[in-house]
Amino acid sequence: MLDKIGIAKRIAKEVKDRYYVNLGIGIPTLVANYINKDIDVEFQSENGLLGMGPFPYDEEVDADIINAGKQTITTLPGASFFDSASSFSMIRGKHVDLTILGAMEVSENGDIANWKIPGKMVKGMGGAMDLVASAENIIVAMMHTNKAGESKLLKKCSLPLTGLSCVKKIVTNLAVLEITSAGFQLIERAPGVSIETIKKATEGKLIITGDIPEMKIN
Amino acid sequence: MINKKVLNAQEALTGIKDNMTLMLGGFGLCGIPENSIAQLVKLGVKNLTCISNNAGVDDFGLGLLLKDKQIGKMISSYVGENNEFERQMLSGELIVDLIPQGSLAERCRAAQAGIPAFYTPAGYGTEIGEGKESREFDGKMHLMETAFNADFSMVKAWKGDEAGNLIFKGTARNFNPNMCGSAKITIAEVEELYPAGELDPNEIHISGIFIQRIFQGNNYEKRIEQRTITKR
Amino acid sequence: MLDKIGIAKRIAKEVKDRYYVNLGIGIPTLVANYINKDIDVEFQSENGLLGMGPFPYDEEVDADIINAGKQTITTLPGASFFDSASSFSMIRGKHVDLTILGAMEVSENGDIANWKIPGKMVKGMGGAMDLVASAENIIVAMMHTNKAGESKLLKKCSLPLTGLSCVKKIVTNLAVLEITSAGFQLIERAPGVSIETIKKATEGKLIITGDIPEMKIN
Amino acid sequence: MINKKVLNAQEALTGIKDNMTLMLGGFGLCGIPENSIAQLVKLGVKNLTCISNNAGVDDFGLGLLLKDKQIGKMISSYVGENNEFERQMLSGELIVDLIPQGSLAERCRAAQAGIPAFYTPAGYGTEIGEGKESREFDGKMHLMETAFNADFSMVKAWKGDEAGNLIFKGTARNFNPNMCGSAKITIAEVEELYPAGELDPNEIHISGIFIQRIFQGNNYEKRIEQRTITKR
């Protein structure tokens, strides 16, 4: 079973050379730390920065340079700043290659719900609805089940949707799965996790074809 | 050169009244028009509709207006980080219209550009699409979104000149350029105000034609929401 | 009767303090030379410049700084450069206060035709259709009649239209006229031009109320 | 940093074939991608559809492609200044689609921004509106215009870096930024190419994400159409 860092490490392997990547808040943010140093990747922050770098040293902190999580950050060589409309031109125009974000629920046809729980304070969708509506490569990072132990991989989302049929891949603490026309195709098991465990934790249609390897992360 | 300079926030905000719709730049607390917000508090105008990506924190940014119950409706993409906001929203005192961030930015830009409506896939198939026209383009469903219609827009820039030209800094740019010329009157506050001719025409982010009033702000706090650092 | 410079001089009086103005090619371009020096005006050139100045001195000529007529020009203090989409945001978004352009025909309801003559080589509308569709204050500068002596102020345009019901005012070699719901309202006569002459030269409905003063230009 | 640098125009234009749709920046002869056009002539690709505000003059700019009959269709707002163009158009060899300049710019920008369609009043009630959907907003009629769909876009900038970031100069900016990222592949040629990190991130007009290939051009002629001067 993976912890959050394990999920981030596994997702990092999905990030390919020359990808522009948008990382959501939470586990996705951690992914940046584990990307292969031999490949070139640029991070887009939807508040208006391409070429986002690590957190600044104390004396470098600039209130005018933050990421979408409102954290102070730095820029890397080749970075650029732009306005919000241009930022979403990058997103809506499919110029961003990979979007990694968290979810509360994903359905077997790739619907995602990650912005609203009826009856609870709603903070808003931020850029998530634009991202999931346009990105051609969306990976969800999340726990396989919620705190009550209920599956988050469902036949149909019960929560208000963020986007329709958009998720391509899911990396959870238990497994890697692809969304196919048939349902959740199991690709890899987390270290030490049995197929039985994954089956029990998956409410939506789970497709298992042949041997399912255990995932390799460093 | 058409001079847009006014003395201060007080002069700049002349004409703002109860029940008006305002656009306010900024992302979180980054790049918000601090001086204009302070003046709105001083004016005590009520029942404002505020179009702003976020709603500030309890004691800063738009939170200052919320505390005094000056806002009747918020149009935003993300409104966390604010307890008073939550209280007013749950009690029904405050109407909240949450819309996707990209649609928010583009609806501002559409108002600036005289484009009454455009199509975007964001929100299709979700509750955001309810009651909105949808339409297929290239096999994909889109929603029709319309330009905002606001009375005043308040933006914050780094450098400006008396002709109203603006240059923004870093990610403090965000929604600010998209809100220039997107309301009947746009007020820009800047950290540094120069005579016309001091800024390179090639480096200007927003032309003065979109700005009606410009003033040099002061005492910028630039509060940081998440001070994250790398330890040496 | 006015010559082209006279028309430009008369139109210059319509340019008010703090106006952003877009000048079309031909007579409109001349208007810039006769604007009251005591007022502040900025010229927008739709190819991407606000704050256009006069032609450069020989040694200042820069191929990268031209106006919409492809003439080399200069910038004035407070000028800014921008891209074409932003330029038409200024125009479509009604940020430009006054548009002055030439026309082949204007109809009594304010329709304008100035881009195409069937059977002749068509050069294109350039920015004219965007300008006339959005500008709230459009003044047409033209000769009252064409080379064949036929009126250019018509009941209905015979040429393909550039825009519908958009012209507010017309300054010709013979007169100044406003477009009203009733037709061409005669405002001023050119020096030495009789009402009879204007009547003869105007095919569309001409409204004459009271005394029509002779225009004053310097 | 994702390096977009290629060696020269030849490498940059790899993949361009007959019958493709190309976008080309420039206004008149100002800011045109001179090196890319020269390479198109060398490639001899035929029956191109060219989206460009103008069509060059007889012996420069897109006129060079017209002379060799490489263009099957022009989508422009203004095509004067070119005798060979006129000849081919009147003879029916060349299809010409004239559209309002603002709609041209916005349709490029829409392609860049993933907006399939938008509304503009330009051209309503004229022959430009024939066959197009129209619709009323705020009591005014508008046409629905759609995003362009092009294979390659060729733009010219002043300064660029290896990450593909661009800075334009003066009115040579014009359509160039709006055509970046508006086609499947965008090729940028620049007068000065710098390593990543040399350009100020705050002064960049177009982010490298919109550019697939960048190269340093050479021998820029920058021909002037109307050399107008003030005599001393």
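Every chain is named by a letter (A, B, C and D) in the order it is written, and numbering of its residues begins at 1.
In this text, contacts are C-beta pairs under 8 Å (C-beta built on N, C-alpha and C of every residue); 3 or more make two chains touch, one makes a residue touch a chain.
Values in this document were obtained by computation on a predicted structure and should not be read as measured data.
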{"item": "Label of the chain whose CA centroid is most distant from the centroid of chain A", "value": "C"}
{"item": "Cα-centroid distance, chain A relative to chain D, in whole angstrom", "value": "36"}
{"item": "Computed distance of Cα centres, chain C from chain A, in Å", "value": "56"}
{"item": "Inter-chain centre distance, chain A versus chain B - centres from mean C-alpha coordinates, in Å", "value": "28"}
{"item": "Residues within chain C bordering two or more other chains", "value": "49, 81-82, 85, 88, 91-92, 134"}
{"item": "Chain D: positions in contact with at least two other chains", "value": "106, 109, 113-115, 120-121, 168-170, 201-202"}
{"item": "Chains that touch, pairwise", "value": "A-B, A-D, B-C, B-D, C-D"}
{"item": "Interface residues, chain A side, partner chain B - complex", "value": "45-49, 54-58, 61-73, 81-85, 87-88, 91-92, 111, 121-130, 133-134, 160-164"}
{"item": "Of chain B, residues touching chain C in the complex", "value": "1-3, 109, 111-115, 161-163, 165, 181, 195-197, 201-202, 204, 207-210"}
{"item": "Contacting residues of chain A [partner chain D, same complex]", "value": "18, 20, 40-42, 44, 49-51, 75-82, 85-86, 88-96, 134"}
{"item": "Chain D residues touching chain C - in the complex, by the definition given at the top", "value": "27-31, 53, 76-81, 86, 89-90, 96, 98, 100-106, 108-109, 120-128, 158, 168-178, 205, 222-232"}
{"item": "Of all residues in chain D, those that touch chain B in their complex", "value": "106, 110, 113-121, 137-138, 140, 142, 146, 167-170, 201-203"}
